[in-house]
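I've put the structures underneath this note.
You will see two complexes here that share subunit A, one where it goes with subunit B and one where it goes with subunit C.
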Partner chain A sequence: MTTQMAPESMYRSTEGLGVWPHRGKVAAVGIGHSPTARRWDGRAETSVGAQSIMACRKAIEDAGVDPSQVDGIVLVPVTTTGAHWDADTPVPMDVVNAFNPSDDPLDGIGQLSAEWLLKNMPELTNVKFTMYAPGCMSAAITVAAQAVGDGLASTCLVLKGWHNLEGRYNHGGISAANEVPGSFALSPGRTLWGAPGCYGTALQFAQYCTKYGKHHDMMAPFMENSRRNGLLFPEGYWAQHRPEQLPPEDYLNSRWIAKPANLFDNDIPIMASAAYLFTTAEKAQDMAQKPVYILGHASSRGLARSIVPTLEEVEAETDSTGRKIYESAGISPDDLSFENMYDGFAQFHQFHIEGLRYRGMQRGDALDFYQTDISIEGPNPVLPSGGNIGSGRSRFWMHTDCIQQIQGRAGARAVTGVKPEIAVSGGPMPMGGNFTVWSATPN
Partner chain B sequence: MAILISFDIDGTLEVGDPPGPLTMEMVRIVRDKGFLIGSCSDRPPSSQRSMWEEFDISVDFTVAKHLLADVKSGFEADAYYHIGDREDLDRQNALRNGFDFLWPDEAAAKPWFDAEA
Partner chain C sequence: MVKQGVVPDETNKPFFDAANEGRLVVQSCTNSDRLYFPPRPASEICGEGESVVWKEVSGRGTIYNYCVVYDCPVASLKEDLPFNLAVIMLDEDPGILMYSHLPGVPPDEVPVGAAVRVIFEETANGQKVPEWVLVD
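Now for the complex of A and B:
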């Protein structure tokens, strides 16, 4: 079976498409997470392949389905956080041979193919549909929802795995090459010669502060709240390995990476895999967990006129994204119980939620909003997952949290100031990402 | 002779991520010998303090990485050392702020860390 990258036609990236035709007809049921680690320790059982198998099996078990019922898989084949396998480093054949390998020995170590996954999950005897999504779980969710809605699969695993290797990320692979194509070297975070990865966001944030009369210190309550929420996320990195709060004094005294972005405005690269089990609304009724219905999805494909998007471009794109999200789901901002938009980098979360007009927010309001009660106990929860700030760079905590909150399985992290009925999650970037609206009911 | 040692954590101490070659027992030895000691790390100061408390080691300072200069100005010593594993954030930072610098493996070989020496 050849696995293709999802075609652009599976995304809803323009305004005016109306309500998603499969609104309420696709549901998330099962959730599976691997343990987290800061870096790979070289063992087969902790490789991204092994962790991804574990996540898939947990999601299947959680949904209470027999593996033979799974007929589709959507996954992201790229697993790097910026850590690339050095061409001069021998591939560990003991790890390769601990599994049923594909043609590429790095499969399951530094990447993940559908072929490798199926070879190593023999219990998946009925998979007829496989598809790749680019980048992160947000894209995979969108593709899987569309695939189930379109009838390409009826019980579909959605998978994202991350590997992180020894050393500093973005210092290997193409980032260490003597020659790189086009403007690659100039783009933030790509090479030693370019600016730090957070530079673009820092620049937009600086423009934002100037335009609206805000300052970096106003981020502190959001950062503290996000880490607090993350420490209530038992699947997350900080909860599992370093249960440290992030009080304002620690956040504000951290060193600058690209002023006004400091160390904690960046997330920490980790290893982790997560999988969800999606199915039709009808089939979901017979599964083990409460279905969380997908009301709609929307995608952003903003084009900046230069290497770094301006504040004006970011604001225009996230405004459009907000409109697309509501149009697709057939809801308005007032319908949102809470939001879980992306936060890695922390300083663009406000672009996302202002674009959503979350709780009536207008442009320039978010940092003032952060000074109010944004906790999970309050009436206006902001990022109850804690996001990447709270649990490490995976870009999937926000989705798991939406599903768990609506299923009533968020544990100590459960929102109590609002009834969790409709939520939105997605990302990554303000200029490009994929977003999903989740609901307790199909209508 | 008063000697001050600033320890980076990750990649330097055994409890770091990744672990480094310097054990907490080695730190305890120089503490008991009367060295001025503390940590200078990208870990938040509150996290650094928690780490030292966990190992019941009394330290003189816990600072963020970019505040190493404050250690120099805050303590009177005859020699100042910073031990770390990064070229930019440790070695260059240390030298720029008037510290002598040691890589963790170099430091581990110092007689300071020998209880009998």
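Now for the complex of A and C:
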């Protein structure tokens, strides 16, 4: 079976498409997470392949289905947090040989193919549909929802795994070279001028503060809230390995990376895999967990005109994304119980939620909103998952949280100031991402 | 601050050749009268690309905003940390942006919105690149 990257036609990236035709006809039921780790320790049982198999099996078990009922898989083949396998480093054959290998020895270590997954999950005897999604879980969810809605699969695993190798990525290779190609020197992002990864977001945040009269200190309540929520997420990195709150003094005294972005404004790369089991609304009725219906999905495909997206471009794009999200789901901002938009970098969360007009927010309002009660106990929860800031860089905590909250399985993290009925999650970037609306009912 | 040397490639050679001559050029589409930067293959700008030309601009601009870089991936710049990294909007079109270390401006003392002018700075292999300084 050859696995293709999802075609662009599976995404809803323009305004005016109307309500998603499969609104309420696709549901998330099962959830599976691997343990987290800061980095891979080199063992077969902690490789991204093993972690991903574990996540899939947990999702199947959680949904209460027999593995033979699974007929589709959507996964992200790229698993790196930024580090790639060093070409001069021998591939650990003991790890390769611990599994049924594919043609690429790095499969299961530094990438993940559908072929490798199926070879190592022999219980999946009925998979007829496989498809790749780019980047992160947000894309895979969109593709899987569309695939189930379109009838390409009826019981579909949705998988994202991350590997994190030793070393500081982007600090070797071309960054250490004496000469660089002209295209690198002038490229958006990494350039001759030495911009770190968070630079673009930090620049937009600087312009946001200039434009609206805000300042970096105003992020502290959001950061504290995110870590608090993350520590209530037992699947997350900080809860599992470093149960430390993030009080304002710790956040504000952290070292700068690209001022006004400090260390905590950047998420921490980790190893982790997660899987969900999607199915049709009809089949979901017979499964073990409460169905969480997908009302719609929308995608952003913003393009910066020059070397870096400006605040103005980001605001225009996230405004459009907000409109697409509501149009797709047939809802309005007033219908949202809570939001779980992406946060890894922390300093662009406000672009997402202002674009959503969450709780009536307008441009320039978010940092003032952060000074109010944004807790899970209050009437206006902000990022109840805690996001990447609260649980490490996975880009899937916000999706798991939406499903768990609506299923009533969020445990100590459950929102109590609102009834969890409709929520939105997605990301990653304000200029490019995929977003899903979840609901307790199909209507 | 001495930046990494630059080896121009086909797409951006006119930009770097002009920099060596003390001129700032960007791509321009004569069909739409729109400017483009960073350089890209002409076919990505205007179909077959025959309408794309290199246009000299004034070398005047304004500081959009900036960050102060304390943690930099480029090895050769680490000894200069912390440094300003600003984005400059060209006077001809504020949608066209260029990076600058703003030589002469102390870290975190950047006057956002101030006028700047281009200079050309040698990199490690002698190739010149545009930099920007405050207008007196």
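Convention: the second predicted complex is superposed on the first by the 419 of 443 C-alpha atoms of A that agree within 3 Å, B and C clash if a C-alpha of one lies under 4 Å from a C-alpha of the other, contacts with A are read in each partner's own complex, and residues count from 1 in each chain.
Note that in this section contacts are C-beta pairs under 8 Å (C-beta built on N, C-alpha and C of every residue); 3 or more make two chains touch, one makes a residue touch a chain.
Everything numeric here is computed off the predicted structure, so don't read it as measured data.
Chemist: Answer with first, second, both or neither: which of subunit B and subunit C does A:R255 touch in the superposed model?
Modeler: Once the two structures are laid over each other on A, A:R255 reaches both partners.
Chemist: In the superposed arrangement, does A:R242 touch subunit B (first), subunit C (second), both or neither?
Modeler: In the superposed model, A:R242 contacts subunit B only, not subunit C.
Chemist: Just checking: does A:V437 make contact with subunit B only, subunit C only, both, or neither of them? Give me first, second, both or neither.
Modeler: A:V437 sits against neither subunit B nor subunit C.
Chemist: Is A:N178 in contact with subunit B, with subunit C, with both, or with neither (first, second, both, neither)?
Modeler: The answer is second: A:N178 touches subunit C but not subunit B.
Chemist: Now for A:M398: first (subunit B), second (subunit C), both, or neither, which partner does it touch?
Modeler: Once the two structures are laid over each other on A, A:M398 reaches no partner at all.
Chemist: State whether A:A202 touches subunit B only (first), subunit C only (second), both chains, or neither.
Modeler: A:A202 contacts subunit C only, not subunit B.
Chemist: Is A:R305 touching anything from subunit B or subunit C once the two structures are fitted on A? First, second, both or neither.
Modeler: second
Chemist: Spot which of subunit B and subunit C makes contact with more residues of subunit A, would you?
Modeler: Subunit A has more residues touched by C than by the other partner.
Chemist: Could you list which residues of subunit A make contact with subunit B in one structure and with subunit C in the other?
Modeler: 255-256
Chemist: Can you list the residues on subunit B that touch subunit A in the complex?
Modeler: For subunit B paired with subunit A, touching residues are 17-18, 42, 44-47, 50, 64-67.
Chemist: Contact residues on subunit C for subunit A in the complex?
Modeler: Going by the criterion above, the answer is residues 3-9, 11-13, 15-16, 37-39, 64-77, 82-83, 85, 87, 95-101, 108, 112, 123-125, 129.
Chemist: Residues of subunit A touching subunit B in their complex?
Modeler: 38-39, 166, 241-242, 244-247, 249-251, 253-256, 263
Chemist: Write out the stretch or stretches of subunit A touching subunit C in their complex.
Modeler: 168, 170-171, 175-183, 185-188, 190-197, 199, 202-203, 206-207, 210, 255-261, 305-308, 310
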